[in-house]
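So that you can tell them apart, the chains are marked A, B, C and D in the order they are listed, and the count of residues begins at 1 in each.
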Amino acid sequence: MSLSVAVAGASGYAGGELLRLLAQHPELEVRTVTAHSNAGQPLVSVHPNLRSLASLTFQETTAEVLAGHDVVFLALPHGHSGGIAAQLPESTLVVDAGADHRLESAEEWQRYYGTEHAGTWPYGMPELMLADGGRQRRELRAARRIAVPGCNATAVTLALAPGVAAGLVDTTAITSVLAVGSSGAGRAAKTHLLAAELTGSATPYGVGGTHRHLPEIAQNLRAAGGSDIRHSFTPVLVPMSRGILATVTAPLIGEATAEQVRSAWLTAYGDEAFIHITPAGEYPRTADVLGSNSVHLGVGLDEAAGRVVVIAAIDNLGKGTAGAAIQSANIALGLDEQLGLSIDGLAP
Amino acid sequence: MSLSVAVAGASGYAGGELLRLLAQHPELEVRTVTAHSNAGQPLVSVHPNLRSLASLTFQETTAEVLAGHDVVFLALPHGHSGGIAAQLPESTLVVDAGADHRLESAEEWQRYYGTEHAGTWPYGMPELMLADGGRQRRELRAARRIAVPGCNATAVTLALAPGVAAGLVDTTAITSVLAVGSSGAGRAAKTHLLAAELTGSATPYGVGGTHRHLPEIAQNLRAAGGSDIRHSFTPVLVPMSRGILATVTAPLIGEATAEQVRSAWLTAYGDEAFIHITPAGEYPRTADVLGSNSVHLGVGLDEAAGRVVVIAAIDNLGKGTAGAAIQSANIALGLDEQLGLSIDGLAP
Amino acid sequence: MSLSVAVAGASGYAGGELLRLLAQHPELEVRTVTAHSNAGQPLVSVHPNLRSLASLTFQETTAEVLAGHDVVFLALPHGHSGGIAAQLPESTLVVDAGADHRLESAEEWQRYYGTEHAGTWPYGMPELMLADGGRQRRELRAARRIAVPGCNATAVTLALAPGVAAGLVDTTAITSVLAVGSSGAGRAAKTHLLAAELTGSATPYGVGGTHRHLPEIAQNLRAAGGSDIRHSFTPVLVPMSRGILATVTAPLIGEATAEQVRSAWLTAYGDEAFIHITPAGEYPRTADVLGSNSVHLGVGLDEAAGRVVVIAAIDNLGKGTAGAAIQSANIALGLDEQLGLSIDGLAP
Amino acid sequence: MSLSVAVAGASGYAGGELLRLLAQHPELEVRTVTAHSNAGQPLVSVHPNLRSLASLTFQETTAEVLAGHDVVFLALPHGHSGGIAAQLPESTLVVDAGADHRLESAEEWQRYYGTEHAGTWPYGMPELMLADGGRQRRELRAARRIAVPGCNATAVTLALAPGVAAGLVDTTAITSVLAVGSSGAGRAAKTHLLAAELTGSATPYGVGGTHRHLPEIAQNLRAAGGSDIRHSFTPVLVPMSRGILATVTAPLIGEATAEQVRSAWLTAYGDEAFIHITPAGEYPRTADVLGSNSVHLGVGLDEAAGRVVVIAAIDNLGKGTAGAAIQSANIALGLDEQLGLSIDGLAP
């Protein structure tokens, strides 16, 4: 078959990982890449790791350039997707790796991003539990517009949704602390993101209650059946280039053994190829999911504290962004959901 | 003056940092170092960074070797301090960097460590608030036995104690997640601590409710005025050799503004040379305290979540171990508390 | 088709990477994995990253267990391959990732390894230039025994062979300094390989003229047409888990421009899918080849010093070990040489 | 006594390390700090690690602001020192951490930096051997202008000078490869210096024969008695924030045993407090000199290759910049040369 693909905003880290995965996808073929300041340059001048795409050159990011492809992936800065997408044919599958179309509430978008809301698209998290027992996957079949989840939201949501759906965890006292690789902060040249600053240090960012990931996570947990969501969320940059390790805790509702708690997650994700629950008493690490589309979840019950503890490991650029984009595109296109994606991570 | 010092168990990371600090202490002079498997070897064969102590050779760790010094620092594996200390004269200042003499409850010691309790010594955390408004410092003056706090306990306790003392935080729902440098796991050769395993990865360890640091932290928070302590605690190894970044949260009790919350910490630590509260809206990173005895605390209120968020940065080997040992020894010896210690960290 | 595969010594880093690559190979199917101390354990208890092989369990490393497969990969400690291989049928393709069968000279083997020589097998470096203008690839077609090159030897050899073959470089004054990721030192638990020791530091190992990689490199450069090989070789462990960056220099013979020098490499490797020469004035970095089978080479002429400078980047576990093993196996089996291997690296 | 100090260009990494060291110097007191874009901001807003200097605020970098101090340290971008220095009184000790006054040849300055030469100042490398058997130290006594060596030049020069002075090494075929921490590339926000780019990778920079460090090193080796200097020099950024590990090799002249070679270095540096020669067969690592003013040198003879191999470890910001500046200032001021400097490094 071989469907034609364009990637807009392909000079950043998300765009680069999309291209790396697309290059090995058997049914999708990258024909066009666009960028802003790098337009006119060879792709490999920005992504020297992508030798298999050495024939490509960045073009300007315009609707004209993007038109005429079967699939368009958008990896643009927040606020730039809506305008471009509106100019693309409805028959084109448009997958937005940015935030523009994730939130259902125009008011929340306005509050957290300060611009006009571009509208809501089907949310590209296939494994997300829905309150009626279904999965988000069903919303993606034959969709022609997909909003890719944020990487931090992916880690926290997949960690907690089964417990919310099962009524096991109190959503009014969630705490999440995420160890995040520096690619999660993007490719813009900023002093505080220099290697000399971040190497050998753990550095919090975006501390407090106004983090942009919060409304997205709350929306997801409500979809899973939660109602009142109160969530303390702290990301910490640590000296690795990729990866998120999210430690998510919430009070246990009622009485349950550790085994009963774990079984809720095992049941919820038993059929999911990309989600793995570690054995009882073991917890995941990010090295094991690098470059993959996998989510490793360690689920435990801290009886003394009365809290469920879930630790989630993902690759922020993989399942956290580009992998989820391709997985959702596969579903929308009627392809095998796993096509072009890896379950195995690059460790050590 | 110049007091004579022996360091027992000097071949590990805690011992090495003790020696590094003692080498530049104007009133303390290292005369003797002991080790187990390295006995008979030059100190610099194990610690090639300590050239100023190149004349020293490891001796066996026996009471005979340690006797006759003004101060003895013990950096032995847990469970080994009690026997040695009992054989040293009461007039010798003995500072134990291990866990043996930290806990007040023999029962808790037995439960968490599985051996007989060696007794309780004055606890070497000078800045710890006491419920009567005093500081732990007063217990250390003229003490001849001091138990040095654990590094993780130091970060969490100093982060939270002012809030507990001020009645601002609910101690029944504390959560702590710590990004920890790999020296915190010690120098024993274990596969899962190899550089190839930990580099490029975030790796949780000791997840769940039975962590040995829990009773120590609870004891401290009770000393600060807390009663029922319930605490979810998760340490995560990240790719740095030193440093702890603890993200500690607890529900706010009653109503308070962010400014009111911060002022509790500012008041509590206003006179403390080694504790620094970052400006409102800013948070600390570990690079800034490396090699120092400083604690950097960022204090915030997450209004939406209703939680106080405190982020603490320390050097696990500095203020977390060796720095605290020397600071407490200074107090016990009637010296300037800051002698031989640095406020400034080694960044970048 | 699907040929059956066994991997012996699969618990180490080389074995793990072999399995990761084999799991995605369309024509090879891993049926059996063996290990020494981990025999009886599930594969994923040692390699939690390899979820797609979760059904496998380590067996003992015996000829009986390995027999009956179409292909056997050996990733055993040096000195252990010869005995096992001798017991396997001649019709089985045996690919040895260890050193046992690399050297042609029994005397050199004896001198560098101290044990009896197990014999010489066809050398698995397809791109190696031979003095008659051919490539080593021809020796691998239909071979049933293959010796996989060492990772350091791969980097240095591929960096220099075109210059040797073209008579451009003086082989009597070669110098190589390699920045090496810690997985290159293996998985044995040793204190000096702990993360706390290697993080934040550059650490030389194996300095001096008796390094085991030297005879292998010299043999390769003689194959490329060199005669007297004198080579100063220094590997340095740096804080990354994977990757080798080799800086290789040798005096220029006669007169040549930088462009003439570069054209020798461009010509030599123009048809090689896995070897990329960076544009003039640019040099490679290891991030761009992580997880791939690619070699990136930067070739320059330092006119003032009169030396050719070649910088080679490879993944020590990829093209340096497991990738080369599979590439050579593909050739021996008559498959597409690139099958199951990636040209694109995992950056950032 | 307490002499007053100003530091110009104090917002960069070199300036920060100067301040960290000056803060603990018993005879020098920082009164004034200047910066360009950060003028008007508190020092600790840029250097949050320097709490002991929290009372200082950056001022503009003008001769007026700098005048009236006993000592002025300049840590300005290359090309900016000459103009400022010319306006400071001759009686003020001015120590320039930039390149402006290092080179003796105005022509070489012009060729490598492209601007007018600001003149040559006494060179701040006290331990440098001079061809007549003396040390550079004598040029610094009572000097009122000092040019601080470059960090890479320090590592290579101190590694090789004893062999040059002793006539043991052939200076026409020197090769140096340096593993360099990312602070060595400065604090300017550039994409290729982001943590996401450099973490997990080894990245060469400034490859080839036109590196600005070359004329400085050649000048030093001529001072040590060399004549024709030909030097292949390659720095490689590796994932650490500080440190240089220089692997320097040169052909042995004539016949000598490894012991004879080592004894040349042992003799040359026997009286130097900050230079340590590792035991035979051992080599230094950067962790052991972090934060210190020490140089660790491993000296060997590769008999098969006929080359002397010297590996030098320094902290690029310590002995490589700020430490050397203070050491030289101590000499010029008639103070104890070691004042305010540490021999012991911060490992692990």
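Descriptive notes on the structure:
Criterion: a residue touches a chain if its C-beta (ideal position, glycine included) is under 8 Å from a C-beta of that chain, and two chains touch if they have at least 3 such contacts.
Just so it is clear, the model here is predicted, and its values are computed rather than measured.
Interface of chain B with chain C: the two copies contact each other largely through the same residue positions, with over half of all numbers used appearing on both sides.
Same interface as C-D, judged by over half of the contact pairs sharing residue numbers, among the pairs B-D, A-D or A-B: A-B. Each chain gets one centre point, the mean of its Cα atoms, and the points for chain A and chain C are 35 Å apart. Centres computed as Cα averages put chain B at a distance of 45 Å from chain C. Under the contact definition stated at the top, the residues of chain B that touch 2 or more other chains are 13, 183, 196-197, 199-201, 239-242, 284-285, 287-288, 290, 347-348. Residues 13, 181-183, 185, 187-191, 193-201, 237, 239-241 of chain C touch chain B in their complex. The touching residues of chain C, counted against chain A in their complex, run 13, 16, 20, 23-24, 47-53, 183, 199-200, 241-242, 276, 278, 284-285, 287-292, 294, 296, 342-348.
Interface residues of chain B facing chain A in the complex, by the touch rule stated above, are 173-175, 177, 179, 196-197, 199-205, 207-210, 214, 230-234, 236, 238-243, 245, 247, 249, 251, 281, 283-288, 290, 298, 300, 302-307, 309, 311, 313, 347-348.
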